[in-house]
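The two complexes that follow have chain A in common; it is paired with chain B in the first and with chain C in the second.
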Partner chain A sequence: MEVDKKEEIDSESSEQVVNPWEVSAKDGGKIDYDKLIDKFGCQRLDESLIDRVQRLTSRQPHVFLRRGVFFAHRDFNEILDAYEKGDKFYLYTGRGPSSEALHLGHLIPFMFTKYLQEAFKVPLVIQLTDDEKCMWKNLSVEESQRLARENAKDIIACGFDVTKTFIFSDFDYVGGSFYKNMVKVSKCVTLNKAMGIFGFSGEDHIGKLSFPPVQAVPSFPSSFPHLFPGKDNLRCLIPCAIDQDPYFRMTRDVAPRLGYSKPALIESSFFPALQASTLLSSLQLLKGENGKMSASDPNSAIYVTDTAKDIKNKINRYAFSGGQDSVEKHRELGANLEVDIPVKYLSFFLEDDAELEHIKKEYGEGRMLTGEVKKRLTEVLTEMVERHRRARAAVTDEMVDAFMAVRPLPNMFE
Partner chain B sequence: SPNYLLIFLVLQELEIDYSKYEHPPVLTVEAQAKYVSSSEGALSKNLFLKDKKHRYYIISAMVDTKVDMKVLSQRLGLGKGGIRMAPEEALGELLQVSLGCVTPFAVVNESARDVSLLLDKNFKNQARCIFHPLSNDVSISLNTAGLDKFLKSIGRDSVYVDLEANANPAVGKDQPPDLALYVPAASVVVPELSNKASSIQTPPTKNATSEIIKPVASAKPSKPAGNVNSVSANSVSLEFKNPEKFVEEILNRTSALLLSEAKGESVEALPGTLRKRLTSELTLLAIMYKNTAYTEGFHAGKNYKPYRL
Partner chain C sequence: MEVDKKEEIDSESSEQVVNPWEVSAKDGGKIDYDKLIDKFGCQRLDESLIDRVQRLTSRQPHVFLRRGVFFAHRDFNEILDAYEKGDKFYLYTGRGPSSEALHLGHLIPFMFTKYLQEAFKVPLVIQLTDDEKCMWKNLSVEESQRLARENAKDIIACGFDVTKTFIFSDFDYVGGSFYKNMVKVSKCVTLNKAMGIFGFSGEDHIGKLSFPPVQAVPSFPSSFPHLFPGKDNLRCLIPCAIDQDPYFRMTRDVAPRLGYSKPALIESSFFPALQASTLLSSLQLLKGENGKMSASDPNSAIYVTDTAKDIKNKINRYAFSGGQDSVEKHRELGANLEVDIPVKYLSFFLEDDAELEHIKKEYGEGRMLTGEVKKRLTEVLTEMVERHRRARAAVTDEMVDAFMAVRPLPNMFE
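Moving on, here comes the complex of A and B:
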């Protein structure tokens, strides 16, 4: 069964916690992704699947696939089977607009989704869960709607094609066929089950309880009659971070009962924060690899609004280094690549596989110093952020309106 | 240029104490010294430099401070001969100033956003220092605190450097280039440069009488780099709206990459490198161009009024 057992939620304190509202490692450890895959019941994304993607799309697989950032999936092979036969799919991803400031961790699913859109030539719906943030973060309705529009601008700046992309906010769009599907889904999930999957309790307000169907139904093409009229069998692929898995386990459970296809998922690991506290005590919760980058501590993350100087300073001052304390010791022992944040970041964002290998080898064996690695990282991130800023500058309110307009997308599969 | 006046407005608004001296246009420090006495403050010599990767630097120093270009180049991590005087066209394009007018204040221009500014730490010992405010017929004196406040207001941190330290740097594994931090992250393409043979900017200490002096009244650069002259943020960049700018942007980026890669590679390998390095950024540019066009159509569609008889 794909549904979480209630007991697993109870033993939170001594286990790692991964759900949409909290991510933390077991005390003193890193997130154990293998355990997560086991516990959630999804599959590893292996080499053969990545090769298949390369063959089907006739282009190099995205750096996030090559480096194992997107590392787990559900039914991705079935999506590829159908695609090979000429049956297309659509993409669904989203963002909970809880803050204006977006950091690099936030961009990762969007960068990957953009690649999927281009490589497979398929349409995309992007959900902005302003209602969720209004409920969970206690924002006003207006503020959450405003943040949704602001975040939409950064999302658009990732390079989505307006002729194939529909962005919507829940406050704007819920209703009509979308709401009909929400009710259908709600009827299939008991209170007990919801509490089991999401860890709700008697103290939580009923808004929270009724939210999961909102995030579930974009997986069904009939929720978008203006986009997919008559295409009720169109399959859906959801790129997301692995902490969103509970929503979609529920959705996949419900789908057959409604006569709908189960959505497929392709899931990413978490993007680490810049710092990790020193490895003094195994009881200390390490912020580095062991929690998500959080938008609440500005120095834990690189923001899309950071200047070149900010980026350089943050990397130099806060990025946890796996290098040794002294040059001599470093040359002798080499760097600890497991905990080194700059190398980890480079593995996400440095496109050139050969260069990354070279850096890992030289740094790991002590010939390259931390300063050089940090400098290279600063270059890579600065270029990325600068590119994003320029694209962001092109996004007007009118462009957001265009992306969010309920309109047909006649060329969505070209 | 409009920014020249802006400097005074900003100084006044920030309540920075300064003095202003007007005089005939001067191209050298010696000439400037005739009109602004040393009791008013320490004169500065200002160098506009460029490295092989088309990154630009303003070095502003006390007249007596020795600036050794070889040493500076090594301290920046550019090797021994990595830095030289920037050509005259770059002066106009990037700093929006004419000959003899390089000044820390030039960084107020949007076109100079990637120019690194290094200040002589000896300025800090002076009661006041003297700079041109973007025009060589005016000088202003202010203290370093005032200069720092001005720079901070335009988003720049002041960087003071001991320009005479490390006279014999022996930059290497054990002594890394200490100024490498200040190498700009981005290189800049100055469009004029790829067309003509570049003329070297006259260094301030040389007598410039043999050069044709640009008339001060029209001290504007011959062709602005397409950047907005004001300090405030650009509205939507034209490269996403205007086909000519779009094409220009593509050619600029390709040229810049070509120039920086051409030396290391065989001609046959170049197209491959260009493709690899440029594909994703040019695709993003093209997508945003498309999105902009669609948005304009969307607007037109929303406001469309069917023809009435």
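Moving on, here comes the complex of A and C:
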């Protein structure tokens, strides 16, 4: 049903395209997230839900919730209803390991997932889709497996609890119950439907057609018999960027026909690129879909491997400013916060609400200059990247093996 | 290239269709195997090759070779060239476990494969495509796995050497190196090409599109790292019915792009149905593609579960006779051997060449009556089915486990 709704709306309005491989707005402009919610048929994550999260977890909701980075959901309310009655769930997120160095946008779902794992005290599975990247990016099997392991180190560096977390690569793990679920899902999706949802064409290889079930089945606990024995009805909550929604629309469409629960979703907007005058997201830039800036432009994003000097330089030279052309004009008119990247970035990563409000007020009213805001952002990001780098350096191969070992998780539901 | 040739010929002449799901001749008539060889681009298995097999194996070639049941090949000569120089190969065949009871036609590839294994002293992998049958026949995962195990017992009853044979079910075995090869193959086949080769449509589910790589990859020794460690260039010979050719045309097309050897093939014609007045094959009848007789008509074939009484009754009542309407006319004109099913069946299963020639001569010239030929066929098939039943009854679950265990085969290349 959800799928049909999406297809129907697609045909009547094609001004913006959001799917796992393409994010583009009309005339290269800004993504309209309200329209996207309507088009995909998901729900807005409203204040009352966020209040409920606060009440149920007895802690302040994550910055990404308070500030609307995660802005949409599917059935998250049902997950909370069940949790309130004492029923746990599990988290599922993932990454396509197409590059060695992650940028800040890549960390967002993992930072948020770590918060969810801690706040709700639930198990987590993280899928590394090395098979997908081998097929889409034409990487060798060995190279995509190597990247999966390198990316696993960055993910582990985000601070996940090894006693509650299973990280797996598709090349390692596909088989057994997981493969059986892939076949079950494949039986329920016609070629026409897959082409409608994902926009595949006859020139695409059949690997692309075969992949959506691989991303679908971690939504079903029976795909992990060692993790969830006897808990085939455990619900699944998927934190992800909204471009992944098509995979899970398909999954939710199929689930009831297999006797499985639909996975719930909590979905984020895109993280903007440094140069994003029109708030093109870094996702857009890195996907190379939007004109000027190429997928390989290292100046479109801050990477976790950037040095303090790189970060300072990138922010000063490339971060698009909403400040005015001259100090005089700036004092008079103030900054346009709607397009200002330093303020956008601070709203993701500056945890202190009061300080953020202060900066927005002072900068918006012209009393604070772009240079000062960029300086503060440089401090925040440098500290964050340094902290990540230290944490990553401490991740040993043995730790990767421990997270990726196929094993029961004894503290799973403590 | 082979694929392109096939597609081109397809478009200019569509009088007969032969693919893994459909076998139909023009006007319900006889399959023209010469045209099929041209259309598919394979080679005829000629006398000189059969003589070579005799010389290399120091034994009389199998009845199915001597009498043209296996009539076509791809690169079988190269397999023999290498064998002559001391290079071994491995055999790969399989079965889609869609039904509990096998009929005689199902046994043909296994009887022939057993002969090849013994004559060339080579290892063998047998794929049970329970995933395929789950998807095509809409069986549950559990039911198709159960059928795979039941069929394995019939296969083992054919007399394979457990020290040289690995039987696997896809649901059990897909994963690891096998899955990596599936992904590599999938990358090389466009949707358009798959639709051209297999005739899929948009209404088919994506499981069907995902399956051809599953049947392709047992052609590559690296899919079985436990069996063929360090022998990634071992050549593969596939004995199969010619309706499976599309899978292996695709496989051969892809293999060089992956740095793998193309599998060689040795291909059989179809086994005729009992009532086949126009030599419709039992495959056609069982696939339900040809009008009158339904897929579930138990009288179209002799099953390995039939009793002696069943066999006698089926042959007497249903086996299409080329004899004349009256004894007088028969004595005068003789039987039409071209359409006579008892003689066809005897040419598959009566091993004594002299006796077969005698029957054909006497029957063809009217001195022997249909009843006498049917009586001899009843004896031959009853003995064969009884022998199979005894052998199958002796197959224990432990033996199935032994054949299906993932293990090195110590005597693999002795």
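One rule holds for everything that comes next: the second predicted complex is superposed on the first by the 383 of 414 C-alpha atoms of A that agree within 3 Å, B and C clash if a C-alpha of one lies under 4 Å from a C-alpha of the other, contacts with A are read in each partner's own complex, and residues count from 1 in each chain.
Just so it is clear, a contact is a pair of C-beta atoms (placed from the backbone, for glycine too) under 8 Å apart; a residue touches a chain by one contact, two chains touch by 3 or more.
Keep in mind that what you see is a predicted model, and the values were worked out from it rather than measured.
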Which of chain B and chain C A:371 touches, first, second, both or neither: first
Touched partner set for A:387, first chain B, second chain C, both or neither: first
Which of chain B and chain C A:138 touches, first, second, both or neither: second
Partner chain in contact with A:396 - chain B first, chain C second, else both or neither: first
Partner chain(s) touched by A:258 [first = chain B, second = chain C, both, neither]: neither
Which superposed partner A:212 touches (first chain B, second chain C, both, neither): second
Touching partner for A:180 - first (chain B), second (chain C), both, neither: second
Contact residues common to both interfaces of chain A (with chain B and with chain C): none
Chain A - residues contacting chain B, complex: 118, 156-157, 159-163, 307-309, 312, 327, 371, 375, 378-379, 382-383, 386-387, 390-391, 393-396, 398-399, 401-402, 405
Parts of chain B lying in touch with chain A, wherever the complex brings them together: 155, 157, 174, 176, 180-181, 184-186, 234, 236-237, 240, 281, 283-285, 287-288, 290-292, 294-295, 298-299
Chain A contact footprint on chain C (complex, rising order): 131, 134-135, 138, 141, 170-176, 179-180, 183-184, 186-192, 194-195, 200-207, 209-210, 212-213
